[in-house]
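Have a look at this one.
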Amino acid sequence: MSAVVDAVQVLVFPGLSFILSYTLFVEWLSRKTVARLQNRVGPLHTGWQGILQPLADFIKLMVKEDITPAAAQARVFNLVPVVVFAIPLAAAFLIPIQSLTGLYSYDPVASFEGDLAVVLFLLTLNALAVFLGGWCSGNLFGAVGATRVAFMMLAYETPLTLVAFSPAILAGSLSIKKIVDWEVAGFQGFLAQPSLHGLLVGLVLLVGLAIYTVCLLAELELRPFDMSEAETEIVHGWQVEYSGVKLALLNSGHYVKMVLAAGLMTSLFLGGPSGPVLPPLFWFLAKTSFCVVVMSNLSALFARFRIDQLVSGAWRYLVTLAILQVMAVLALKGVV
Amino acid sequence: MSERQFVIPIGPQHPALKEPESFYFTVDGEVVVDVEPHIGYNHRGIEKAMESRTYIQNLYLVERICGICSNAHQTAYVGSVEAVGGIEVPERAQYIRVFMQELERLHSHLLWLGVAAHEIGFDTLFYYVWRDRELVMDLLEEVSGNRVNYAMATIGGVRRDLNPDNFPRWRKAISKVQERTEYYIKVASTEPTILERAVGVGYLGKGDMERLSGVGPNARCSGVPCDIRKINPYLVYDKLDFEHIVVDNGDVFGQVLVRALEVLESCKILQQVMDEIPEGEIRTKFNPLGRIPEGEAVYLVEAQRGELIHYTISNGRNMPYRHKVRSPTLGNIPSLVERLKGSYIADIPIILAGIDPCFSCTDRMLFYDEGKDRSWVWTEEDLRKYRREWFKE
Amino acid sequence: MVYVSLEEQEKFVAGLEELGVREPTLHRVNYGFGRVSREELLEVVERLKEAGFRHITTISAVDMEEHFEVVYHLRREGFSLSLKVEVPKDDPKVPSITGIHPGATLYEREVNELMGIFPEGHPNPARLLLDYDWPEGVYPLRKEETVESLREKADAVLRDLDE
Amino acid sequence: MSIVTWARTRSPWLIHFNAGACNACDIEVVAALTPRFDVERFGALLKGSPRHADVMVVSGSVPRKIRKRLRRIYEQMPSPKFVVAVGSCAISGGVFKKCYNSMEGVDNFIPVDAYIPGCPPKPEAILDGVVKLLKSAGY
């Protein structure tokens, strides 16, 4: 019996099928948000309010001719899109959404001590795959885009990891599920009996959330940090030579990563999929959609930075802030 | 070229260039060491074609030298022909020409502000500016009947009159544009990401700019006063009250500033034209096949992108013996190359866009029209057949 | 000097003769023409630059049937002077003025390419506008060329390339 | 209508190629993206790389120097691909017909699927042309 439940969990809900369809929704939501901010309507005529637009794009790309340029290193070039698509998808299994075992249970499909570290590791691996993909595409713009991806990784990886570990330190566990449990318990305790300590923890986590959001914009290659695929500078950067199925996978991989990032953000800072009255699924969707809207908003509000500005800015401000934040966390925990 | 340097070709098809030109950048890491412009992908040689067309036919030809500064080219062309032929232009017509010229400047500068925002990745601003540009396009369409190639000027005057009944509505639209531009200036001068990408980027000082004979906003942002409307007035610009916008920032931010402030000045001029336009004829008669007496004349116009020169030589026939056009972009390329050296790859698009390049003006194509062969119509069936045949090969 | 009266401008134009400009004439307010010989060109342009003509608007080339004419359009604040140089057809060369006006590089390349008047001493007289496959020695703006003849010559090169 | 056709007609990604046009058509193509016209409503996006595009929007009369690039960009696009010729010049050479330096229209080099006449066509016309192309593309 439990094997059947596990299979359904992995393949249908909250696993593969659910995440993929949610990915399509997130793509629509993000495009629509950006369009509205830019005084346009965005996709409109494909399904209700254009909600099927991402699906149409995906299918169209899947049936398009698939070109491998002669100058590219074919094996790596063809493998990278699969990797870029699969990595965030695998990591998304570790995010608590909704369990089939109980209406109010949100056990992830897989959970173990240290899965937070695994998720962060997979995100880094993803960036490395992207670097290889650009480098091996046999195009000058692809190569420039790839080096930029590597540079960006240097910039955002450190603060991102530092900040992501701060809730883990407070919760005393590296399991995402346990962090969510700690957050829920802590929040309920705070509501029952407000304390200065609880307030400070909340504030410190809020700072962490801000740093984390900025790093995510870079991780997701959203504006103002999309220099690795800057259209006006280096065409589409590392993606320039990809077409057909490979482009479809890259495109979807991007939005799976967005779902993963929003899910991680929710789990680490916003109390995960828990909330009053309604089941976790609703709260997961509400909170991650909110995160996506916020990120799309931010990406529409700024001009693109230059790569050197990102690197120096990240090390000057973000890393300092992240270190201060971790120190504050340690102080609150009573370690220092 | 050392081992660490490599060459990046940008263009002829590149998203940062809306037109087919290419630049070969020698870069060292992310820094540009040398630039070699390759222009001519748009060379049509209109100059040669003009020698075999009548003066009136040439009107439509010069307009299509460039779709963005079509009116500037036309104004300069009719100006030079009228100067050769000694044809008087009624004052009302001169006012209308100024009106068109300034409307065109509005649309072109707004277009540029949008494109510049797009080049630094600020698409939201691009969409906002282009939304407001549509207000100007509506005005242009209402005045001339066309959105892009207006066909307003003709030898001896203009072809369409302004209807004073519409003035209150136009005034409202223009003040709206003005208000919006003021807001964009505020955004551009306070938004930190824009400042990061614009201030100090592509700097060129006054001395270098003068040495390289730069023109237009590109030169005025480096402190060279070169607005032809002020220093060499034509039409009725000497009767109108507007500022000579010169700043000495010398960088991309200065270019943004000059253009944005010029938009405001253009709004001022447009309002003045509507206040002061005299009654009267809008053109003196000119026979479409008419001859222009022997002679030559130079006519300078301040197009949106800078000083535009048309030089006509007539040998007494109804076609020009020689007509020379030099568009502002060609004059700006030497200073552009100088601006690009030492900049970052990421700054190439914005510096390129900074001079508001218009290569279709720059490389005029030689062309010739037989007037036959033009009206063939393809049916859908023909098209299908053609496609099938083509694919078979 | 911005927009002075006609009399003042006439006086100004007459004064240009002292700088070496021959037959200076005022065409209309703000515009004047003048002549200079090929040998004196550099000297006169240099002197005019000192006198305020620091901007070069463009260089035109005209095929006058018996000879070529190269016209240097110089500008100072409030005055545009077109300086004509006669160039014989059997020796189509002019000294390059890029040493004095670096902004003239592209204009000289254009004249060289479209009219075939070589700027001697130009740092990089490479092809600028025409196709890389354009036949050597065919200058589109010369009067002896018609559109048909140009087309014929250019297509011949393309046919050769195809074969 | 099969799902593939549905997807293809709903998601035309454009690439704009200026083959020696006078800018008039080009700014109208760009204007079609902006808030008043907004082609993204129909799922169209302007892409920079030919590898990503389905529809090539060409303007201009193809001068000699650009001809090789035109072919190359077209060949870089993955099929199925469409070409839309915008403006009189791209259709037949327009005013540049019988000109030694113009190669008389885009269809001498690549097959064209839709012709949008005008000098320049208005953004509405360009939108209409793309939509009509998609409707007739029931291959």
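By letter and in written order, the chains are A, B, C and D; residue numbering begins at 1 in each of them.
In this section, contacts are C-beta pairs under 8 Å (C-beta built on N, C-alpha and C of every residue); 3 or more make two chains touch, one makes a residue touch a chain.
Given the structure is predicted, the values throughout are model-derived calculations rather than measurements.
**Q** Can you name the chain that lies farthest from chain A, using the mean of each chain's Cα atoms as its centre?
**A** So the chain farthest away from chain A turns out to be C.
**Q** Mind naming the chain pair that shares the most C-beta pairs in contact?
**A** Comparing chain pairs, contacts are most numerous for B-D.
**Q** Between chain B and chain C, what is the gap in Å from one C-alpha centre to the other?
**A** 23
**Q** Quick one: report the Å distance separating chain C from chain D, using the average Cα coordinate of each chain.
**A** 39
**Q** If you average the CA atoms of chain A and of chain C, how many Å lie between those two points?
**A** 62
**Q** For chain C, write out the residues touching at least two other chains, lowest number first.
**A** Where chain C meets two or more other chains at a single residue, that happens at 130-131, 140, 147, 150.
**Q** Could you list which residues of chain D touch at least two other chains?
**A** Each of 34-35, 48, 63, 65, 98-101 in chain D touches at least two other chains.
**Q** Counting only residues that touch at least 2 other chains, which ones in chain A make the list?
**A** Chain A, residues with two or more chain partners: 38-40, 231-232, 235.
**Q** Strictly by the criterion at the top, what is the full list of touching chain pairs?
**A** Touching chain pairs, listed by label, come out as A-B, A-D, B-C, B-D, C-D.
**Q** State the interface residues of chain D toward chain C in the complex, per the touch definition above.
**A** Its residues touching chain C are 63-65, 98-101.
**Q** Where on chain C does chain D make contact in their complex?
**A** Interface residues on chain C, with respect to chain D: 130-134, 140, 147-148, 150-151, 154.
**Q** List the residues on chain B that touch chain D in their complex, please.
**A** Going through chain B, the ones touching chain D are 12-15, 18-20, 40-45, 49, 60-61, 64-68, 70, 111, 127-128, 130-131, 133-134, 137, 147-149, 358, 360, 365-370, 373-374, 376, 378, 380, 383, 386-387, 390-391.
**Q** Which of the residues in chain A end up touching chain B in this complex?
**A** 37-40, 140, 144, 223-224, 226-227, 230-235, 300-309
**Q** Where on chain B is chain A touching in the complex?
**A** Residues 6, 8-9, 14-16, 30, 117-125, 127-128, 131, 191, 193-194, 196-197, 344-349 of chain B touch chain A in their complex.
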